[in-house]
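After the structure tokens below, expect a handful of questions from me.
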Amino acid sequence: MFIRFVTTGGTIDKIYFDAMSQFEVGDSQVKHILTEGLANIDYDIVSMFRKDSLDMTDDDRQKLKEYIESDDAERYVGTHGTDTMVATAEVLARIPNKTIVLTGALSPARFKTTDAVFNVGMAVAAVQTVKPGVYLAISGQVFEAGKVRKNREENCFEKIS
Amino acid sequence: MFIRFVTTGGTIDKIYFDAMSQFEVGDSQVKHILTEGLANIDYDIVSMFRKDSLDMTDDDRQKLKEYIESDDAERYVGTHGTDTMVATAEVLARIPNKTIVLTGALSPARFKTTDAVFNVGMAVAAVQTVKPGVYLAISGQVFEAGKVRKNREENCFEKIS
Amino acid sequence: MFIRFVTTGGTIDKIYFDAMSQFEVGDSQVKHILTEGLANIDYDIVSMFRKDSLDMTDDDRQKLKEYIESDDAERYVGTHGTDTMVATAEVLARIPNKTIVLTGALSPARFKTTDAVFNVGMAVAAVQTVKPGVYLAISGQVFEAGKVRKNREENCFEKIS
Amino acid sequence: MFIRFVTTGGTIDKIYFDAMSQFEVGDSQVKHILTEGLANIDYDIVSMFRKDSLDMTDDDRQKLKEYIESDDAERYVGTHGTDTMVATAEVLARIPNKTIVLTGALSPARFKTTDAVFNVGMAVAAVQTVKPGVYLAISGQVFEAGKVRKNREENCFEKIS
């Protein structure tokens, strides 16, 4: 079973640059997380964007969709900023016969305390166990695209009916 | 969706006691991992044993099986030592109509570098997405009970056919 | 031996706010660092500012100087942003008969990889061992005020002769 | 200013071997700690023993003393198990004209929560600021050899008068 990871940026990969007293999207933390998680799986990592998800455009989402559609893998884990993860999932949901799980983090993977490792663990399990479709793995849950929203006040994701 | 965590000990919960220059099974790290993972789920944690899995007896496995059989939840995540996780899964596999995912760690959750967080994340996702049965979530994979072994030389779990 | 910690902000205490995709100075990490360091010392912590050091004004430095001058402790550890730590040290150097050690971090204490813990450890040792005066404890060294500069290219502190 | 680190084992370097469900003294963590602490200093690391300090013999202490006496550096930081650090310091105290600071940890450096980084930070600052002699840097304090004991009940070091 092969998993292709596609990284697009977001909080999960944020790094802090002291020189400018600001942080930006840094290198993807996926490989580091899989290594620490002792994941004995067949995978590769494709870096597509390095963006805050608020900066992801409709064009970016289209590019991501076209990339996955024309690519030959069956299972994808996408890392993505949390603010527009729901919107991207809805665009990807039109792709048939592929299993795509989006995840990300509310706190950067480089922090001592972060949800990134737990979330990537969830995504890796979900992409192996769910039937083809598009899902979000975050907030301790596996959501289907179109049935989830980010609750900004509570800073978590929740099911919508 | 409610998840009941049942802890039995193992490396995942190992703690080091300097006074005796040895380590033992400490408090379960599951609550800490779920909190850090920002898991917004309905759950509780039952502490059943605090044993190295090499010290788990057939009686212990029977007790665990009877507890889950007679208990009212539908979904369980069990934390367990890696050395006999496979054997325990096979005993639990006789329980009908419940979803049980065992996980653990090769490196203690209290270490800086540990597979515990990733593995619990995998188990939480798996217990929500698989059909009733008994599974292992470890080494980056979700295995069915009876179709997995621990490869001691490689220090990982692998599918058997 | 009593040590008074005075916190002024800086990278050491930076926290990330996902909601606004930015970070700000958060609660001081000094108490957390001393607890983890198993420091068995008599101390308290006074929070004076929560500023990036580029935002520290001459007025702020004057206030800090007056606070320490009129205060009754003999030994101080000040946490401070790295960009103007050298300037603040020079203002404080006019205070007689007190031992003051400034420290901070180039990477936030909340990061997995940070120089904050090491630096606070250095400051705590230095404030107990040096004679009265003002010092910087950072970059693995203990510098006297007036004989140190931040090398921005190398992102470290170095002695000037 | 050059610092020679001499490692002898102890809790600071403990690692856990899952295969045997036990832990042993692993590679020294000093280089890792100095790198993370962004220590911009001239140093090297000599590995002398890999022992629990309860296993250090009088012969071992004599070897360590002879090594430092005949070696050409002026400043040493020694990492050492906490149980007999006090005894080793008293043997080394007979060496004239060298500055030697012993440190270690009550919790392994490889743990998420450890006093190792703080303690090595203290030792690095102390070895630069104290006059020649032998010291312990631990429990948030810098102690002179011969004036300190380990309080086993409280699991900390304290001054004796």
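Which chain is which? They are A, B, C and D, in the order written, and residues in each are numbered from 1.
Following the convention adopted for this analysis, contacts are C-beta pairs under 8 Å (C-beta built on N, C-alpha and C of every residue); 3 or more make two chains touch, one makes a residue touch a chain.
If you're wondering where the values come from, they're calculated on a predicted model, not measured in any experiment.
Student: Any chance you could name the chains that touch chain A and chain B both?
Tutor: For chain A paired with chain B, there are no chains in contact with each.
Student: Within the chain touch network, how many edges lie on the shortest path between chain A and chain D?
Tutor: 2
Student: Using the average of all C-alpha atoms in each chain as its centre, how far is it in Å between chain B and chain C?
Tutor: Measuring from centre to centre gives 44 Å for this pair.
Student: Measuring from the mean C-alpha position of chain C to the mean C-alpha position of chain D, what distance in angstrom results?
Tutor: Their C-alpha centroids are separated by 26 Å.
Student: Please work out the Cα centroid separation of chain B and chain D, and write it as a whole number of Å.
Tutor: 38
Student: Could you pull out the residues of chain A that touch at least 2 other chains?
Tutor: Within chain A, residues 106-107, 112-113, 155 contact more than one other chain.
Student: If we use the touch criterion from the header, which chain pairs count as touching?
Tutor: All chain pairs meeting the touch criterion are A-B, A-C, B-D, C-D.
Student: Give the list of chain A residues in touch with chain C in this complex.
Tutor: The contact residues of chain A facing chain C are 11, 14, 16, 18-19, 21-23, 52, 54, 82-83, 106-108, 110-113, 152, 155.
Student: Quick check: in the complex, which residue numbers of chain A touch chain B?
Tutor: The contact residues of chain A facing chain B are 1, 33-34, 36-41, 106-107, 113-115, 117-126, 128-130, 137, 139-142, 154-158.
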